Structures are given as C-alpha cells and as structure tokens.
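Chains: A, B, C, D and E, in written order; residue numbering restarts at 1 for each.
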C-alpha cells in the first residue's frame, strides 16, 4: 500500500513561496519520477511528503489518511538521501539494523531481515565494514537496505545516483528498477538525469518553479509534451525549436523537431544549411547545423559513420509526423 | 611548441608500482585524452608530466628537453584541476593575473592579457568577483583563463568538467574544443566521460592499471579496438562480447558486436532470445535480450518507437561487417 | 524546520532558561571577582554587603599607587605580542611543510612536539636559570618572549597544521604550476587563505602567553615582569585582602577577557584543533 | 660618576615593606639612587631569592630574608657581612633579634622589623564568659577559656590558630607549642625527635584545641586568614605574631604572653624580616648604604613623620629605641607586650635544642623537613590521619631527609 | 626529492628550536639527577656545586622512590587529571548540546560561558579558594551561615516550626583539608576548562550532518536516540582532542595546588619537584626525570587512543 495524495499543498520559506498550491496523486505501486531544473522544488516536495518540512497549507494524504501533521517517523515512509546519510560510525549491519532497533524489533527478526536485504543487495560480504570503507555504489545500496528492511509504504529517493560514476549509475539504475518490479512498492524518485527519468518511471512529474508542468508516462512526455518547456526538457540532445516563417507554415508560433527525427543528407532535403561542429560518438554523429532560419544551430543525429565535415553544405528533412506545434502561449497544438 | 615525451617512466607509491615502465609521445598541438577505469593512473600520469609528482624512474621530455627534475613552476605547462583550485581569496582578475605576476610581467601587459582572456571566455563582467560568487561553469572558465594567459607550451586538464551539470558540460566541452582549434596548443585531457573523449580528442590514450592499452584517434578506437578491454571501454552502451560456439564460427575466441550494430526484429533474424528490460529513451530503445548463447544479456539498440515488451520473443541480426574478433589472449584478430 | 516547530513552546522556554542559568553560573565567579574589587576589604567578607555596598575605587588606586601596574601590563602586552609573532613566524613554515610535504615521520614529529609540552617546567627550573643567567638573558624581554614562544610552539604548530590540512592540496599545486616558489606559496597563497585560522591561532597563543605564570615569574625580576608576577606578589598580601586581591586580579585578567569577548567568533574556530571534520 | 644609580630590591609583600616604597622616595631624592622594587608573596620570594643566590646572584642588590636563612646564608657566603658605623648604633638592635641574624657573631642581615608571638584575646568575651587569660598561662587554662568563648552559632570561635601547612605557617605556631611542652626538632646529633612524647602531647593538644574550638577550615588558615576572621569578630583568641596587634580593628583586644606548659625555652617565637646583600651583586656598597638607612633609627622617624603613615605604622621589633619613643608609645597599646615577648625569646642553641632558632632550626634542610611535617600536622588537624600516624610519618620523612643530607 | 627539499627543510627551525629547548635543560636535569647537588649544606659544602665528583648513580632516584609522597603524587595526579577530564567532557557535551540550537540571547550566554577560560590559573585558584569556597569568609561560609540562620528562625515559627526542627544544621566544608583539597582543584580547573570543551564541541555540533539526523528521524529515532547514536559518536574526535590537550595541560598543574593547600592532600609530580627544589636539586631532578617518563607514558597512551583520528 502507498497511495500518496497532495491536496492544495503550498510551501513558503519566509516570504518566498516555493511551492504554489499543488495537487498530485501517486498511485500505490507506481514509480514516480520528479524532474525539473535545479531549484524548482523537487527536494522540497519530497521533504513535504516525508514530513521533514511542514506544509504551509494543504494536506498530505497517505493511503487516504491525513498525515499532514504526523511526525516523519510515523508516516511509514523510507527515504534515501542524495548524500546517503549513512551513520558513519556504525557498521553496515548496524546501519541497516538501526530503524528496526528504534522500532524495538527482536534481534532475531532483525538479523533475518538484514540477511535478506544484504543478499538481495549483494552486500553480504560488507556487513561488518563501516561506510567509510565502501565505494559509492555500495554505500548507495546500504542506504537502500536501510530503507527496505522497514517495509515502508513508499520509498522516497532524492537524486540517489548523482554522486556515482557513469558505469555504476547504469548498474544501480537497473537494480532499483528490478527492485521496484519485485516489491511493487510506491517509489518517488527525484533526478535530473534524462536517462534515469525515461527508463525508470511509470510516471514523470515535470516541475518548474514549484508548478507541475506535466504529468505522464515517459513516452507520453516524449511524444506529446504539453508545452515548450517540457518539450525542451525531455529528450537529449534537446528538441530543436523553430520559430518564424517555417513555423507559421504549420499554423503554429513555434514548431519543434527532435534531432533524431531529422534526416541529414549531402544532396537534397527540405532545409539547407552548413555543418558546424560534428561530434562523432562512434555509434552516432551529432551534427550542429547553422544557417537554418528560426533555429541556430539545429542539432541533428546522423549515423555513426556519417562523414559530414565542418563548413560543408547539408540538407535536412524533418519527419513531418514527429513535428510538435506550439501556440503563442507555448502550449501544444494537437 | 609543446611536444611531450615520456620515456620509460615509472611511478611507485611506497611499495606499489602504479605506473609500470611507460612510453608515450604527444605531438605538438595534439589534443590527447587519457581514459581508463578509476584508479588506473590517469591523474598520476598527468601529475608526473606537470612535475607535481616525482618520477620513480624514467624521463619526462618537453620539447626534447629533459625536464624530469625541473620544478613544476619551471616546466612552462598550465594545469586545470578538477576542483579548479582557484585562489578563493583573490578576485577573478587577480586569479588570472597571478601567474603573470609571478613571472614578473608588467602591469600593462598583464591587463592586456586579462582583458583578452576575459573577453574570449565571456568573463568580463565577473572580473571583480571572488570565486565563491561564481557558478561552476564560470569557475571553470576562470581556471582556464588562468592557464591561457601564460602561453603555456601545453595544457593539462584533469577531469575539468566532472563537477558540472549536464547542460553546462555540453557547453564547456564545445568551448574547450573551439579554444584548441584556435590556439593549436598541445592539450592533455583526463576524463572518464565517453562523449568527451570521443568528441574532443585527436588522440585517445586508453589506460588500465598504469599500462597503455591503445593509443589512437577516437574512431580508430571505436572501429578497431586493439583488445577486449578497449572494445568494452569505448562506446556506450558497452559492446556485447560473445563467447563459445558462435564466436568459434568466426574463427575467434570471442566476438564483439556493438548494440547499435544489431538489428532487432519481432519476426526473424540470426539469433533468437527473449526481451528482458526495455529502456525507452524516446529517441532510442535499449533492449536487454536474454537467452542468446555466450552473451547474457545482449544489449541492442532499437528505434525510439520500438515496442518490444518484457518476455516477448525477439530476433537479432548482427551487422557482420561490424563484427570484432578477439583471440584467446583477448587481442584483436583482423 | 519541522523538528524545531514540533518541539513545544514550553520545551523551548525551559531550554532557554536552563542555558541562561548555566551561563550565569559559569560567569558568576568572575562577576563576583569584579564586584568584590569595588568593595573595601572589610565589606568584602560581610554577609550584609554581599550585593549592596558602597562601591569604592580604593583598591584600584591602591594598586596603581603601590605597584607599577602599567609597567607590568606593558610587559605583558610586549611579551605576549612578540612571542605570538615569533611562534607564528616559526610555526607557519613548519606547519606548511608538514601539511603539504609530509614524510613518513611527520605524524611522529608532530606528536613529539606536543609531548614536549608535557615536560614539567619545575624539572628544568635550575638548568634554565643557569642557562639564562650565563647567557645574560635573565629578566630580559627577549628571554621571556623566547620561552613563551617555545612553550606555545607545539600547540601553535598543531593548530596551524590542522588548518592547513583543510586547504585543498590542489590550490598549492596550482600555485606551483603558476610559477611561484616556496616562499611565494606561503606568502601569496597559504597565509591569505588560512588567514582566519592563523588569526585564531594567534589569539589562542596570545591568551596562553598572557596567562603563563611559571616562567614569567621565575625568569624575571623587574624589567620584564608581567602581570602574572604582579599576581604572584599579591595573591596573599598581608591583612584583609579580598578587595585588594580582586582588584589586582581583575586588572590582570580584565584585558584578556575583553579581548576574548571581542574575538569570540574567531576563537571558536581556532579552538577546534581540526576537530570539526 | 661610576656609582650605581639603581638598586633592585626584593621585598616580601607585607605592609611595612610596601610602605617602605613610599618612604624611600625621600632616599632616592637625597642620594639619587633609583630603587626598583620587586614585591612577592613570601613563598615565591624565598624561592626566587634562593635560586638567584644559589646560582650566583646578580638579580637583586638587596633582598628580604628571614631569620631562618640569615645565619645559614651567611655561613655559606651567599650574603655579605654587615658592619655599619657607630651612628647606626647596632647595639640598639634587640639582642635576641641580632643574635638570630648573626653567624658566629657577625651580623649578616639587618632587621627591618621583628616580631614574637603572643596571645591576643577579646577581653569583652572572656569577661562575658567569666574566664581570664594570664601571661604565660597554662595550656589547659587557655583551652578552658577557648571553650568558654566558643559559640559557633553566633559566629564566634574560641581559638583561631594557624593551620595552613608550611614551615613558616602552622609550624611556626606548632613549634613554639612543642617547645613549651619540652619538645624539639632534633637531638644533639641532629636526629629528628618528632615521635617523642613531648611532640605527641603537644600535637594532640593542638589538634584537640583547634579542632574543637577553632573555626572550620583551620587547616587553610594562616596569618592573613585569621586576621580577617579576627577583625570580623569571629575569634575569641588568637596566638600569633605580635605584629598582628597593629592591624587589629575590633574593640576590646587584650594581650598576654604566650601560654607555656612550663618549659624554660619559652613559648614565644622570634622572627625578623631583615635585609641582606647577596654576594653576587655589583652594587655592594650602595646596597649596604641603603640597608643602613632602611634599618636605622631615622627610618623609624621618617615613617612616623610621613604624612601617609604616622607612628602607628612604624616598623617595630627591631630596636629598643623605637619602644622608647613617646609618639610611638602613644599609639601602640601593644608595645610593652610585644617587647616583652621578643625579649623572652631565646634563639640560641642550648642543651634542649642543638640548633639556632625558636620556631625553626637554622639549618638548610629545615624548610624541607618543616614542610613535610607541616603537611602531616595539617592532615592530623583535618582528621585524615591520627596524631600518632602523622607524627610517625613526619619522623620517617625527617629522618630520610636528614640522612640524605649527610647528618 | 629534488623539488621537495626546501619545503621539507622549512620545518627544521621549529624542530631545532624545540629540540634545543627540550634537550639542553633536560640533559642538565639528567646530569643533576645522577649527582649530589644541593643548594646549601653546612656539613657537605662540596655538594653545593654540581660536579662529577659528586656522582651518585641512582641514589637520588632511590631517595625519591622511597620518599613519602612519591607514589601518592602519581596517583593523585592521575586522579585529578582523570576527574577533570571526565567532568569537563560530560559538562562540555551537555552544555554544548544545550546551547547549540539558537535561543534568545545565545550570543551573550556563549560569551558568559567562555569567559572562565581566559582567567589566569593563579587568579582562578585564589578566587575560588578564598572568595568562594572558604568555609567562613567565602561565599560558601556566608551561604551556609545564612541558611542556618534562616532555618533557625523558621524553627521558632509557629505551625511549621516542627518541620524545620527536623532539618540538620548545615556545616560548611573546608576545601583546604587533606581529604578535600584535591576536589577543590578539580572544581576550579573544571570551571576553567569546561568552556574549552564547550567551544570545541559547539563547533563540532555545528558541522553535524543534518541529513543524518533526518534519516534517523525517518528511522523512528527519538531525541535521546539521536543524541546517543548520532551526536555522541560524531563528537568522538573532538572529545579525543579535548582529552589530549587537557591532559597535556593538567599534568603540569602547579599554581592551583600551591594556592589551595600547599600540597597537603593534593600533589603531583611537578609540585613534588618544586618541594625538593627548595634545596635538594639532585632529588628534584630525579623526580623530573620520573615526570618526563610519566608524561611520555601518558602521551603514548593518549596517542594510541586519539593519534589515529588526529591525522586524518
């Protein structure tokens, strides 16, 4: 169980309102990801749910119970902090045992759960180490272990992978996804990483300045961004936004086309430009094209073996079916 | 000028030899990138060149002069540290002026160069701030500014972008690349970021445990990795390595195929497997396929709108021209 | 924060009250000392005049009449200031060297330095007296400064060391890449960067110098005698003495307490001895 | 002109010496000799002067020393023999004092002021209690008087006596008491005799008297503390230095010669703070000249006539001529008692005690022995040890120290 | 190697100075400890000048070992140092936690609390033993007297008098007695050094990781559990530093011991040295050597506990 509902929640620090009135429902068992630019209120929202911050107004319901003024320890949620917040002087075993010890669980039960958690997180060999002797990924797993032994009704993750190196991130990403599939517990996950958001979420919540811009499944957001902000924010490299005559042709103020939906050719195409920097990644080549009206530079994805050179002429053809149209208010036009 | 040659350089910390005898030449004007797993000795190598560590044995030549026991301040190199290492008590202007002041340059000349550097790095408005008041990207640029005013014979960069967020990284990456094009000064750049290495380098040096595994241009490494280690290390997601019968068919101990060189189909293909996790990034879908002999899971890149579902059957066909073969020692077979 | 908000008004109030009580209790003896210094000797021991009495400056005028308070005070200032400066002058390069160019022995050297502070002064009184006399340095500012500097040097070095350790090594290395020599590293980078730490170290060293009472009493007669010696001469004057004693004491500790108050923030850092990590 | 213009003088921080700083301004004016004063607490002064003198001197030109040191230091050649002209009238110095400051007939230190001990009691309280205290009364009588006056509820304690450990503190009083019980520090072979029956009797009596009829915390009291208590009206009687009399501010004080258990050595101590010239100084002549002035009859006149001080503040106990001065007699009710006490003290070595000194022994080892015993007596007074234990420990410590010193 | 020589040499002035400062007097002390050397002796004037002809071997050491207060001085020294450490650490932690969160007047309370640290040791001792702890004239005596008077008065009061007549008469405690003088020193030094502990703990508390606390709150830890399991361990290193620094300072207490009771019931090796140094420099020197040995034992012991954490 773990259905979380925010009703007209607001939060102000002193005079500044960081979260204007906000409604949000996260269903039981969902994997919700909060994304948004730095400072938009993702962490604040998470902390409001956890009870680490008091709401300025509005209600927080967990499983339909009003938890707004219940202390964090009584909400039955578990949180994994960006900095892990492990207890540095305790061994891994003691770290994981801590919430159970606080709950007065029997030694036996504690040990059983520790063993189980350690096994599932591949930590069995490290149970007697202290956090200082662990690698980033291992610490991350200990933090998760400490969270799962409590059978929380929901997990809250605040950018848990941002301290890890690329290889580890990929691994941990898969592990958390698998864990979710196995436990089917509600998870709320804050990240600023595109790939994490797209691959892990059932539901992505895009925030800007405390306001929810769009809620939806990853592909919904990718294919049908509600406005220019979401369009630009989801997808990497960013969607190319084209203004002016070209957009008006399509009856819109702005049109958008993702780099992967433009075909580049040396010979012919709809638009003509010159090659700027061409970034060869091996698997793909990202070509930055200058001279296209209303969008400079336009980024285009070409094959890994593409041979566009700086200064060459290039012809681009968008996939018309993948065109996004936005009105003067920046909202999507269907 | 800035030709850097390492001759039989070794480095030990106490008993452990971190760099076994190593030879390396970096030509004048080259952009060399060092990559390798964490702890492989990239930073150590850079610091040996800079003179911040003493070599245990061997010689460091800069422009054919033996600099092995010359102090760092006399080697004429400039270094940009991962943590920027700006002088926090000095304004941006003073930070940039510092090396010139130490060299006893005239005030006038100093100011001229500071203005020039600031203009080219877009720092003119921040000259009177202290580093604490700057954003990460601006600090980064100050660190570069401090380096360029000296006309060093080479620049050394130690993971300069790893502290920045994704959007800034892309920008800074382009700036450094452009700077190199403009100045044509030798640059040595340490990173663990695939994209940086591939897009910036003239020459990539792949290190493992202090040993150079391969030196070459980015596409050379991508297309012709000298051994299994390089094959696995260059490219993202990793190359799939297949062992056993399938490999033997091609007269090799192991064969490798990159995810982007496998075509997935629901109906027919060379290999058959079941879909594990399918990661939908929008632009692409990475499908992890189980059940292929000799390689589990095999990762495959499919189009963004591919609709493979967990547990479905899937057929894969490799692009035979992109197959990599390795012998028992893990070396490439042409 | 939520946690604060949840603790009740009552808890907050009782915590404040308790904190004030503890603070006042700790300060009370000093308050008492100062209060007593304004009482006549006779009033000082009378229960009926505990808090209500006719204040008098008699004790202070007596003190300045009979003793050359200002000479003692000047000597205290001179010796403490110069000892602190010398200790920093020797300590900064040493701590720099240990923090940024450590050898395997560094830790042991540091600990050895600290252990020299455990050497009981009384054990070397006679050797020291012989030495200073034969060098003709007895009762000179120089000797007092030297001794104060040396007894505080281990603490100074340790404190500076813990500070310098906090400076990222890369900044020093960046300096090397930018072409500074060793002296430049210290002067241009280390000192400005660690300025706060150096200031608080200096402050603590100054306090210890000011309060030092073994050597300053025993290696001086008149020329270099500090306030400690004034206290030594007055800590049991003949007769009824609480008032007089308090005045001398207050005059001796007053300057340093006031200095301490003003530099409180600075000192807090200094005292941490790298304990904050 | 080759003459020293400066003298450094170490003085004990007592009233008379502090006053001397002012009185001597005239001396500076007259002779042009600048005087640097270093005033120190007794113990620190002793330590400083000892270490200076023992390491060759040179720091001080004139030092304050007591009767314990003068003869020994004279014998060791640390201080100069003092011989002054006829005008100085050395014979005017009280003979007991002069004897105590001499070694083999040569005076090594000139007395600045001298003192003995006597009983200072509150006549109003004894009258109220219906008891009397006579000159050289018996100890039992004294105890009875103390008991009669003792009324802690009213804040009055029968007897205030020194208890603070130190050979010059509690032992000064205790030694006179032991003397009066017929005991001594050493026998003719300089073997300590602290475990003798006389000691036991004396110490038992002392602990009993002070423990029962003394103020709380007596083991921390010495001259200063008791003076404060006395002036607060908290003491029925006080047996201490005669100099105390000049500080007493309460009404109804009467004086009596110290109690005695019938021993011929007498129960009065004898002490003088004297001035001496260390041999290490370069300014011997000027230093001697200064001492000659400071311990002269004119000095007494100078104090008496000084606007800040007057006759009540002249140093006493050094010269008989002082006691003959009518101005002095007019203000000093205790003069007669003091003089009698000083004259009855006998510092010379006798069959009963082989050493010079009344409440101390003028040998270099005495301070060490005295301090060790002083702590034991204080322990006995606090009840941490029985008297027998304390004396046994004292004897053992004293024997060890004396053996160590080659006796 | 090459580049490091000068920077490494920079520590030599300090090292050399401290070496001289330690070695020269110490070797003289060592020399004195093996000869007969007294300041004054009427029977053996030859002992009055330090000379090899007065060589005595371990005689001084034997004398010191057998002297009555040697063992006591060591025990007592450890007692007072340990008690002071114990009290300052406990009080320091409690008060630091108490004043860590902001409250009205926090700055002033902090100033009040740290003031004792600036007081000269001699003033501290004189102030406490005379003006506060004295059983008659000090505040203790005055307070006890006043309470007794008050109770006395109430005894006579009608109605409640019987209740007060059950109260015992309070007697003031003498803090200069053999049994109590060590406590007086412990009290006054604790007063002076608790502020030091408070300061260090306070800075350390401010760097406590807030997220750890939040994690603990979510884990259901009570305020006490947070203190016990997070704050206390966090203070481990600062406690180590407080213990170490204070041990260094308190092993050589001198003025306090002298002023409180002149060594009666309360002594340490430095004080014992001072007593011997009245005349017997040989014995004082031998005691000094013992003190150096003791100090080094303590130092090694302390380093074992705290050394590791200090260098990080």
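One rule holds for everything that comes next: a residue touches a chain if its C-beta (ideal position, glycine included) is under 8 Å from a C-beta of that chain, and two chains touch if they have at least 3 such contacts.
Not measured: the values here are computed from a predicted model.
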Listing by label each chain that touches chain B and chain E gives A, C
Two chains joined by the most C-beta pairs in contact, as defined above: C-E
Identifier of the chain whose CA centre is least distant from the whole-structure CA centre: C
Separation of chain D from chain E, taking each centre as the mean of its C-alpha atoms, in whole Å: 34
Using CA atom averages as chain centres, what separation in Å is found between chain A and chain B? 26
Geometric centre distance via CA averages, chain D-chain A, whole Å: 90
Centroid from C-alpha atoms only, then distance chain A to chain E, rounded to Å. What do you get? 57
Shared-interface residues of chain C (touching two or more other chains) are 45, 125-126, 130, 232, 235-236, 242
For chain D, residues that touch 2 or more chains besides their own: 47, 228, 232
Quick check: what residues of chain E touch more than one other chain, meaning two or more? 4, 137, 145, 217, 274, 277
Give the list of chain C residues in touch with chain D in this complex. 42, 45-46, 66-67, 125-126, 129-130, 133, 138-139, 217-218, 221-222, 225, 229, 232-242
Enumerate the contact residues on chain B facing chain C in the complex. 50-52, 71-74, 77-79, 81-83, 85-90, 98-99, 102-103, 146, 150
Touching residues on chain C, where the partner in the complex is chain E: 3-4, 12, 15-16, 18-20, 22-24, 26-27, 29-30, 32-33, 36, 44-45, 47, 50, 90-91, 93-94, 96-98, 100-101, 103, 107, 109-111, 113-128, 130-131, 150, 153-155, 157, 182, 207, 210-211, 213-214, 227-228, 231-232, 235-236, 242, 245-246, 249, 252-253, 256-257, 259-261, 264, 267-269, 271-277
Tell me, which parts of chain A touch chain B in their complex? 38, 165-166, 170, 174, 177-178, 192-195, 198-199, 218-219, 222-223, 234-237, 258-260, 277, 279-284, 301, 304
Please name which positions on chain C make contact with chain B in the complex. 168, 170-171, 173-181, 184, 188-189, 192-193, 195
